[in-house]
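First chain written, first letter: the chains are A, B, C and D, and each begins at residue 1.
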Amino acid sequence: MIPRYTRQEMAKIWEPENKYRIWMEIEAYACEAQEIIDVIPKGVAKAVWERGNFDVARIDEIEAEVKHDVIAFLTNLAEYVGEEARFVHQGMTSSDVLDTAFSVQLKQSAELLEQGIERVMAALEKRAKEHMMTLCIGRSHGIHGEPTTFGLKLAGHYAAFKRCLARVQAAREEISICAISGAVGTYATVDPSVETYVADKMGLKPEDVSTQVIPRDRHAMFFSALAVTASVIENLSVEIRHLQRTEVREAEEFFASGQKGSSAMPHKRNPILTENLTGLARLVRSAVIPALENVALWHERDISHSSVERGIAPDACVTLDFALQRMAMVVEKLTIMPDNMMKNLEQMGGLVFSQRVMLTLTQAGIAREAAYRIVQRNAMKVWESEGKTKFLDLLKADSEVAEKIPASELDAIFNYAYYTKNVDYVFDRVFG
Amino acid sequence: MIPRYTRQEMAKIWEPENKYRIWMEIEAYACEAQEIIDVIPKGVAKAVWERGNFDVARIDEIEAEVKHDVIAFLTNLAEYVGEEARFVHQGMTSSDVLDTAFSVQLKQSAELLEQGIERVMAALEKRAKEHMMTLCIGRSHGIHGEPTTFGLKLAGHYAAFKRCLARVQAAREEISICAISGAVGTYATVDPSVETYVADKMGLKPEDVSTQVIPRDRHAMFFSALAVTASVIENLSVEIRHLQRTEVREAEEFFASGQKGSSAMPHKRNPILTENLTGLARLVRSAVIPALENVALWHERDISHSSVERGIAPDACVTLDFALQRMAMVVEKLTIMPDNMMKNLEQMGGLVFSQRVMLTLTQAGIAREAAYRIVQRNAMKVWESEGKTKFLDLLKADSEVAEKIPASELDAIFNYAYYTKNVDYVFDRVFG
Amino acid sequence: MIPRYTRQEMAKIWEPENKYRIWMEIEAYACEAQEIIDVIPKGVAKAVWERGNFDVARIDEIEAEVKHDVIAFLTNLAEYVGEEARFVHQGMTSSDVLDTAFSVQLKQSAELLEQGIERVMAALEKRAKEHMMTLCIGRSHGIHGEPTTFGLKLAGHYAAFKRCLARVQAAREEISICAISGAVGTYATVDPSVETYVADKMGLKPEDVSTQVIPRDRHAMFFSALAVTASVIENLSVEIRHLQRTEVREAEEFFASGQKGSSAMPHKRNPILTENLTGLARLVRSAVIPALENVALWHERDISHSSVERGIAPDACVTLDFALQRMAMVVEKLTIMPDNMMKNLEQMGGLVFSQRVMLTLTQAGIAREAAYRIVQRNAMKVWESEGKTKFLDLLKADSEVAEKIPASELDAIFNYAYYTKNVDYVFDRVFG
Amino acid sequence: MIPRYTRQEMAKIWEPENKYRIWMEIEAYACEAQEIIDVIPKGVAKAVWERGNFDVARIDEIEAEVKHDVIAFLTNLAEYVGEEARFVHQGMTSSDVLDTAFSVQLKQSAELLEQGIERVMAALEKRAKEHMMTLCIGRSHGIHGEPTTFGLKLAGHYAAFKRCLARVQAAREEISICAISGAVGTYATVDPSVETYVADKMGLKPEDVSTQVIPRDRHAMFFSALAVTASVIENLSVEIRHLQRTEVREAEEFFASGQKGSSAMPHKRNPILTENLTGLARLVRSAVIPALENVALWHERDISHSSVERGIAPDACVTLDFALQRMAMVVEKLTIMPDNMMKNLEQMGGLVFSQRVMLTLTQAGIAREAAYRIVQRNAMKVWESEGKTKFLDLLKADSEVAEKIPASELDAIFNYAYYTKNVDYVFDRVFG
């Protein structure tokens, strides 16, 4: 958790306070379940709910001695609950509490991340609709390709975030798991009904086979979903960084009054937010490999995953949460420059119509290969002139073209509307 | 693709022959669709289906000149199809073919991987049911914990593979995508109905927004699902390697007559298959980061992902396919040694009953902390004696215990059935 | 930085206080250099050294407005220095300060890590020499191979840490770099002599070409060295975890009085420190990929690396520092059990001598393949008997063996001294 | 190994033919050493050198039965050598051959990679010197910063590759290791003098402690050096891709006559080689994590590393070798466009001089903060006008500026030579 990239909403989920509160709830619900089946006396759960409490500093103190966090917590809880405390945690093992609580924290985090994705989606949808028909050049390989619209670009990113929403939801489902199965997962000392009861109360599902811990393939899948989402953020961020380049200038991050782009060069306005997001994406992705390495625990469990998760779980969740909010803000406030888009679109002297010319030649009976050569021959001259020579002029002057396409038809070909005719079709599919 | 870790079934999917066949199908179906909307003359599709063919060596030859694989393919295809060929690929861009075909290859691979997972699951289910009640020690941290059954262990791995089956199925759905949207994805030169038609014929769904390429977050998710599956294989492999250790000897990989464990030490029988699987898991996992790095392509697309996918796609699919089949074979033929399991279970002089003793003390009115200390005090003596001193004897001789638990009740506590009473419950949940 | 895995010595290096102090030193030395070449008036450096100061909270406050950390720092510094402050940072760009200071922090960290490695080496050397001739079984594939000594095992780990020491030293050299070259690295506004001067004062070397930032391939190499060191820690940790397994019990982590191994099972003594180190190794390794992804910055620099380094630099340094100290402590206090080592060594009924028997047969004129078969034939019987049948007895009774090796010679072969005769040779090479 | 990204020089190193030839050499030299110390009869080495041979297909056939590659090789070798063969491999274990041979292959690969790096360096040096004083804009964050020269850009990349050369050389040293220490590494069955002898003959150094295998931290370091080199390739590739963007057009990959940029858009010339190199860098990097995961082998060795290395070793070496040659070729043939560089440099109406103006104001007695505001105020107007309004004109008209800097001095400030005055200093440092 890097303070400057941390929102309190997410940080709170990963603070000891929240963790211990969940532990206490699990223990209290487990007592309720144990009372139902008469394993412990009536009244224990009530005592926990009414008098149960904990003190983080005190728990730390006890843990320093016993070197076991759950025992430290239970000892402290007993200091509040009193007599009835000896029935708390009956037949359970630490992992029953630890892993179920970890599930709850991941579930809470996923819910917050989903809100973040939805905010990005809302921003993208709004800006996409504003610029549904704003013409700009589509680029492949960084090279001008054919006309498209800025709205269509944003619609593509919207669709990617929508897929991420589904992935995080699926990851949340996958991790919304309760395991209360006792030592080595046999339910020898705790009846399966306790697990079912607690799961139900906590909004979780019981694990199929828990071997004391919840199997870590679930968590690996969870962090994979986060990493893909981070990469989708990177994709949009790289797009914006490209658009803000001095030579391109089609969009620009909001630049606050009073902001300084550079300590040395007062003229600078840099895309620092999306550069930052590019870096944050790398951080979130770095959780995936450790999460995968955590899967192969020894026998019924070892504890090597624990230190890993103390690092990656808060770090990946907090960083992705922050990144989503920042991404949304960037999109919401993005300065979009349609005039520059049009200027760039026209920069290459009409080359963007090259395919359409080729197709028209083909339809007029010229073999594809020959058509390609004719068009490329003219296009390269325009290319070399940096767009100063106009493609349309060259084509009109080329006898092989003129033979097949009358000048008036050529004029009609150089028409941007041709490229936007299906934008509404795509918008219907994405937003409809 | 490492030859010794390659099955022909999967390798074939990734051979040029299969790729070009899919390309040809896509082009042919696209022609059908174009004929329906009268963009190209009737009869082109028929010509492709009837005369269409390709020659891998010839394509290589053409590509060496034009430096573009799809153009090389189309040129070669035209050599077979003849006249009508000039209407093939009309209005399409290379990625329409490349990406849709790549989807098909990944889909075919996923189907084969699912069969592999199912074979592992079948093997695990069979062996789990055979050994449903075979007692063995459950271990946490590599240290004896409490009794469990070997069937329960295998049931846990079965459940993990079942989750992987669902993940690979979801990844297959996610990647079963067709994109035929033309240059920079505007459908300017190709009607959306072509995409819908081809998608339907090829068993795919159209991409929401394809910006010329199918967005790589889909592929990143695909390889993540493979990586998690590989890690689940590693988990089971590590379990078997542990069980085969000389000091443990609870299970052993099948050792073929004529096999040599070591060139130097003729007595050796090593778990080389599961060690190998542990390594193969690392290889499959190594595809995840490059796949994530592929997501942030520049603007409407760049081609940096292409070389990456030429490596990771066949490698990860072929390696995981091989690993699944080997994993299944290992489980099917695994030598399981119930006698050794029982010997190990009894090795620690009854310590495995320690929790139950503690719980009984608690239920008899001793505070949890005090009960823990009483039990630990006796347990450590047994531990130090390496199990030669019997835990039951010490407990009977401990006045604090004797006061609360009569000897006969203590005898009854030292009973393995206590730990297996819910095995059928779990089996019902997993296999029921 | 996870508090429980953090030592203050390392954490302090990464605190704002230390960072800003280094920034101030760089600025002060730069002023000295600028005064020498008369770019700024005499007395500025003196003013900075005498009145220069900073307040972390105040810097945060300013940064919240100007959104630029170096400008915020300089503004705050000026509040202390007064009039002369306007000559501070003259001609420099933020990265000159940021990157040079980051080098210093990494250098300081490397020095602390080297101390940690040396502590581990010292512990390993001491324990290795104590147990130079303590016999134990050497295992390949987890299966008993041939006798070795526990000292030799530890000597191997010592040699690995010694290599890591050299790697971290090389990484420190690689990163001990100063860059003061101004905007886009041209030295247009700051004379190269300033860089040379500051580098010399700070114990650094000037960067060859700095393009405003110090190229990130240096940092990638730095984190790679840390990751390899973490993996070497993992290797030793896995060894200890294996040795502590209940069935093996050849070594055990120190178990403090009052410690609790399990909340549920009072008999447990788990290798939690080395399990923890296994996890910490995964965390340290996770810094490598982001560090490699940081190398390809755009043009003369972008700032995507910054957020990454705010995470991985303190995290990897702090975690590895903690891990090294914990590793050293584990080795220093490790309970080593020579009796159990001998018991395990003898467990397989003499199979550990199989190679020597085979070699003797070969030297007696039997072809290698035939000798292998003869030995394997007898070995497998011992193997199946779990060591109850004695290998020596079987060999004596095997006519093909008896024909070539008299019984007395066979007896002489079953002698552990044969395997330890070169231990002193290796010790000389490693520790000599 | 992806055929299209493979050079035969490197592929041959990784073919079975080369591997078995090295195995044979190791065995022959080991025989020489064994003869010297009279462990085997004189004449065995001679027999191996004279009659020794192998047949890859036959080895495969034998391995299919014995499931052990070294035994299969030795069996085949014996078929050629005859009688004396039974003394070959005396006292050695498979890993002695496997690991030492693997070292040789990695050493050979490193030598080829070093040649590749040197070719890139030569190309960069030549082009850097050609364009030492070719003015272009330096960019930070993708935004115009200050003037620099194209030669200086290339010099920076040269310096990075030079560092990589040193890293690969160090990695080669680190891996030039011979281990012939017998089972579990005790030299019980093979005298240390054999190792020393073979190491010397093969140009290697003996391992300090080899525990049967050469410790994998060496290999992890090797692949890390390759990954950093790949990232440095990516860095230069990304630079070229940026420079080739349509709006930038300062450099362009060589475009062969007959080449087709796009099947759909005949006007395209895409930076496909550097995009490809960006992808290949991802592939090479993907070897690092598996190599790190290979370090923690169990006890004296397990074999999980083997399958990993069968994949990553040829793949990473072949891919990096190809990438270096392609990178060199791209630089050698790169079309560099000084006119466009100048056009872009002037695009922002003189804003690139902003820092120098600010510094002049400061030196004229204006506080840094005030100077920054004055300059930023004028710069933002130029920025908004997209460079149409000239910065120099605005400054002359700004009374706060005019008060401090006379117009003639302002004119003198707008001078590119100011930014190139130290280029020769840097060139001396880098190439001198």
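Please note the rule applied: contacts are C-beta pairs under 8 Å (C-beta built on N, C-alpha and C of every residue); 3 or more make two chains touch, one makes a residue touch a chain.
This is a predicted model, so every value here is computed, not measured.
In terms of residue-numbered contacts, A-D and B-C present the same interface, as over half of their contact pairs agree; the other options in C-D, B-C or A-C do not.
Chain A and chain B have Cα centroids separated by 24 Å.
Per-chain Cα centroids separate chain B from chain C by 32 Å. Residue positions 74, 89, 91, 139-142, 145-146, 183, 189, 241-242, 260-262, 264-265, 270, 272, 275, 278, 285, 289, 293, 298, 302-303, 355 of chain C each touch two or more of the other chains. Taken together, the touching pairs cover every possible pairing of the chains.
Only residues 137, 139-146, 241-242, 244-249, 260-262, 264-272, 275, 289, 293, 340, 344, 347-348, 351-352, 354-355, 358, 372, 375-376, 379-380, 382-383, 386, 391 of chain D touch chain A when the two sit together in their complex. Residues of chain A touching chain C in their complex: 2, 4-5, 65-68, 70-71, 74, 89, 91-94, 182-183, 189, 241, 256, 258-265, 270, 272, 275-276, 278-280, 282-283, 285-287, 289-290, 293-294, 298, 302-308, 310-312, 315, 319. On the chain B side of its complex with chain A, the touching residues are 74-75, 78, 85-87, 89-91, 138-142, 145-148, 152-153, 155-156, 158-160, 162-164, 167, 170, 174, 183-189, 191-192, 206, 208-212, 215, 217-218, 220-221, 224-225, 227-228, 231-232, 234-235, 237-239, 242, 278, 281, 285, 288-289, 292-293, 295-303, 355-356, 359, 362, 367-369, 418-423, 425-426, 429-430.
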